[in-house]
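Attaching a single structure in structure tokens format; questions to follow.
In this document, chain identifiers A, B, C and D correspond to the written order of the chains, with residue numbering beginning at 1 in each.
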Amino acid sequence: MNVDKIRQDFPILSQTIRGKPLVFLDSAASAQKPRVVIDAMRDAMETQYANVHRGLHWMSERTTEAYEACRDAAAALMNAESREEIVFTGNITGSLNLVAHSYGRGVMKPGQAVVISAMEHHSNIVPWQMLRDSHGIELRVAPITDAGELDMIAFEALLADGKVGLVSITHMSNVLGTCTPAARIAALSHAYGAKVMFDGAQAIVHRAVDVRAMDADFYAWTGHKLYGPTGIGVLYAKRELLEQMPPFMGGGEMISSVTYEKTTWARVPHKFEAGTPAILEGIGLKAAIDYVRAIGYDAMAEHEAALTEHALARLGRIEGIRIFGQAQDRGGVVSFALDKAHAHDVATLLDRQGIAVRAGHHCAEPLMRRLGVDSTARASFGIYTTHAEIDALADTMTRVREFFA
Amino acid sequence: MNVDKIRQDFPILSQTIRGKPLVFLDSAASAQKPRVVIDAMRDAMETQYANVHRGLHWMSERTTEAYEACRDAAAALMNAESREEIVFTGNITGSLNLVAHSYGRGVMKPGQAVVISAMEHHSNIVPWQMLRDSHGIELRVAPITDAGELDMIAFEALLADGKVGLVSITHMSNVLGTCTPAARIAALSHAYGAKVMFDGAQAIVHRAVDVRAMDADFYAWTGHKLYGPTGIGVLYAKRELLEQMPPFMGGGEMISSVTYEKTTWARVPHKFEAGTPAILEGIGLKAAIDYVRAIGYDAMAEHEAALTEHALARLGRIEGIRIFGQAQDRGGVVSFALDKAHAHDVATLLDRQGIAVRAGHHCAEPLMRRLGVDSTARASFGIYTTHAEIDALADTMTRVREFFA
Amino acid sequence: MSFADDVRDLYQEVILDHGRRPRHGKRLAAYDVTAKGDNPMCGDRVEVWVRFASDGAIAETGFEARGCAISVASADLMAETVQGRGKADTKALFEAFRTMARTGVCPDHDAGLDEPLERLAPLSGVHEYPSRVKCATLPWHALDAALEGTREASSE
Amino acid sequence: MSFADDVRDLYQEVILDHGRRPRHGKRLAAYDVTAKGDNPMCGDRVEVWVRFASDGAIAETGFEARGCAISVASADLMAETVQGRGKADTKALFEAFRTMARTGVCPDHDAGLDEPLERLAPLSGVHEYPSRVKCATLPWHALDAALEGTREASSE
């Protein structure tokens, strides 16, 4: 994998920030977009755009094809059995809420339980709290070990009483970088009669996801982290579940026929896609998926593993830096704290040098409490990240530490 | 208003379709995008992109500013009292479902009623049916006259028993072109103790919307019809209502603090915006709003009134064509049917000549039944539509009629 | 090109003719199987009735359609071409027709299908109009449902 | 430019000093009003206590802050500059400081504010870092809430 060449695909990377070359280490929040994505969206708007699905004219038909090609691409990317198992939403938060409504309120029964883990993003906590509070579902939290891994024994214990209807767990923590053993989680969940969903927002950026191999019932992710546009999220769900679930939002596109008395739903996946879809975003995401697949997950994973190792080594040598998470299996995200300075001050000082990291609770307040901190700084890597950028981070951190000493 | 000049702002309009110049008369389904919108989105991706709101670094701050500027622009466009009254969703369908959930399930009580009209889009029917079926809310349908106007006497009668909690009515029909008297509808609704929402998907494209002058409680529209990108919808709601309503979706961005036991919500409007927002789409929509305001609603309304009059005159002279809707106050949408041919055949024959119209039920099946047809053909106009294009439509319709005679 | 020339690629005379005056556009008084087809996307609806001969071949097909010229013509041409065919044969013809409607080219097929496919060929113009392909295949979906003993089909 | 030079536009020595060793960073044993301030976006939290003199002017302000150097330094500089000021005067100072933090320039103001604004001027560098403006204004929001008799403030 030729990172220099890849960097040329991302126009934004040549920007300067406060007079310094941009060092973008905030890809886990949202990734930058390659030229193919930018061009795909622009070309659509310049040469081939109309509303989709119901149009009988040329522009509409061509736009429908271009947009629906994203469904095929997403299905292939995840190795879904069929394109009908792919539902588009607005972001992964939308995907998780869809399942919390349509499966949680629509299929689960009061008295059942949902299991999440202690390292979830708010998007995989709050929908279940709302389900708990409105639908009488118990919310159980599987603990993590001090290394930041899912405690599999405690996890299994939570399933033991057979009340768990759904397990919803991150496939990769956006704070600790921990990758969770999806196939084992799924097998255990199924053994105790629970369905299983993975929050793949981070995981799908770093490794090949095979929903059939891991036997996921639901798998959700978000376009903007996979080098695609904002405004589009993806939900994979086994067809039988989609068939079983009532719709979430009502409106155009998701109906088969409407009378005031009775409305019948469109076939899956359209039953879950109300209103004009994110057409341009689907076209952009298709280009992003193609781009990622052309590079290949093997190369990406290898690159990011090397970067992560380098970052852990370099940051680990700086006195006063604490690194969070020592999972065996981890992706390209490193959270850290400096003893003498608040994470916000760290982020600002780095920003002043053109280095973009995130600082705060990373939408994971309960995990922050588990780690005993209010906030951390986080550097996260993409396909365009270089070893030199990590060196710049580490060198600057040394000076930040001196500055606040 | 110089239409020739405006057309140059829309790159797509110079395309040819099946060897003929594109005559795009399907703007009511989704409008084409001016160069400023395309450029705004491209520039963001090329020069200034990161996730918003929580970032402390330069890119994130600048992107937040650019994105949030759309909220100011939308508030100003609608004359909202404050920017906090603007909630972003995925499309207007998302806006309507948000209100059906957060106001319908969250604030209304079983036994209350919702009033819609007989000329609603499915997006303003199905969410209320779902509310009816899950929450014990009655759904009442205000009839329309044979001219295609809201029957105000019958409408008032539906309010009389004081059970109506919410009125949700289109501000302009996407089939008949009828504009409804929003201020009168609001005054009546309020007189009987009901809140009122308008589906402004079509209206806001054709005329200035002043939510305070009409005293709307909710007003919803969708970006892609106002020359903006897909993937973003807008909901205006009075602040006191937003404060009162529980959130719809849970996740990142919409919380103030999260513990497993108790989560508190962010301030309005963020309480209703879960997950990474449609950042690029907000930036694009801001450009679209600026573009529209620079042209001015007076000029746009005048242009479209002239086009509509011309279309009604030209199509009205063709034997065998039936035009639907004779409202006094109407926008740039003309639905029609040909006696000897099905609307789909009409649309295909027009398409073969490069003329894009929509044919079908226009996501308004109950209205089709009211009109006594299965489908209609619909020509709809935008700021770039010319009289010559309407002549092309009329000339071709004459030949279509001959062809099927 | 004139207007008429332009549109002849799809609306050939035979289609207009069968669309306007379908020969088989009626409910059969006596039938063995029946099914409905529905295209919710555009509202087309068709109902077919089939009577079998004693050897199991299709003796007669009738239909009622609400829809465009393409779907009516396709239903009528279908009724015409399946007459005398067995179930397997009819299914093979459906498959071949479907490919033709989607791609515009006739797929490799059994020599036995030469003649019926030629009769159906005027409909191959729909492949240029993807949203109309379903109009052409809807009656076939309904027929297939009838032969299979399911009562409803959708070409969505 | 060296690293230190680069960052001095925001982290001036006086800020570092007050951030590290706040003089007023303690709860008052006796106080008249108190309030909390919260910035949910970044988790900063500050609590202020105020004791009035007999003429109604602020006699002393103490605070406890959990947050970054900017918010702690701002709280400390605030406590220093509001000492001896009346309520109206303090509010005027808050307004002027807020403008300075947002824009980097000192707004038109009463001559009486010359001296305190000069003391707060080191914080004006935040205007280059919009997300940090709230860190600087949070203690002021809390103080304002205390003076107004509301118990909670947010700089969100």
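Throughout what follows, a residue touches a chain if its C-beta (ideal position, glycine included) is under 8 Å from a C-beta of that chain, and two chains touch if they have at least 3 such contacts.
Computed from a predicted structure; not experimentally measured.
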**OP:** Quick one: point me to the chain whose Cα centre is farthest from that of chain D.
**Re:** C
Original post:
Hey, which pair has more contacts between C-betas, B-D or A-D?
Top reply: A-D
Subject >> Centre distance in Å when chain B and chain D are each reduced to the mean of their C-alpha atoms >> reply: 46
Original post:
Whole-Å distance, chain A centre to chain B centre, using C-alpha means?
Top reply: 31
**OP:** Take the average of all CA coordinates in chain C, do the same for chain D, and state the distance between these two points in whole angstrom.
**Re:** 79
Subject >> Distance between the centres, which are taken as Cα means, of chain D and chain A, whole angstrom >> reply: 38
Original post:
Mind pulling the chain C residues that touch 2 or more other chains?
Top reply: 41-42, 129, 132
Subject >> Multi-partner residues of chain A (each touching 2 or more other chains) >> reply: 18, 54-56, 60, 255, 257, 344, 348, 351, 359-360
Original post:
Mind pulling up the chain B residues that touch chain A in the complex?
Top reply: 11-12, 15, 17-18, 22, 24, 26, 29-30, 32-33, 37-38, 41-42, 45-51, 54-60, 89-94, 96-97, 100, 121-123, 125-127, 129-130, 139, 141, 222, 224, 229-233, 247, 249-255, 257-260, 263, 274-281, 344, 347-348, 350-351, 354-360, 363, 365-366, 369
Original post:
Which part of chain A faces chain D closely enough to touch in the complex?
Top reply: 18, 341-345, 348-349, 351-353, 359-361, 374-375, 396, 399, 403-404
**OP:** Please give the residue numbers of chain B that touch chain D in the complex, ascending.
**Re:** 53-56, 60-61, 64-65, 255-257, 266-267
Subject >> chain C - residues contacting chain B, complex >> reply: 3-4, 6-7, 9-11, 16, 41-44, 66-70, 129, 132, 135
Original post:
What part of chain D is in contact with chain B in the complex they form?
Top reply: 40-42, 129-132, 154, 156
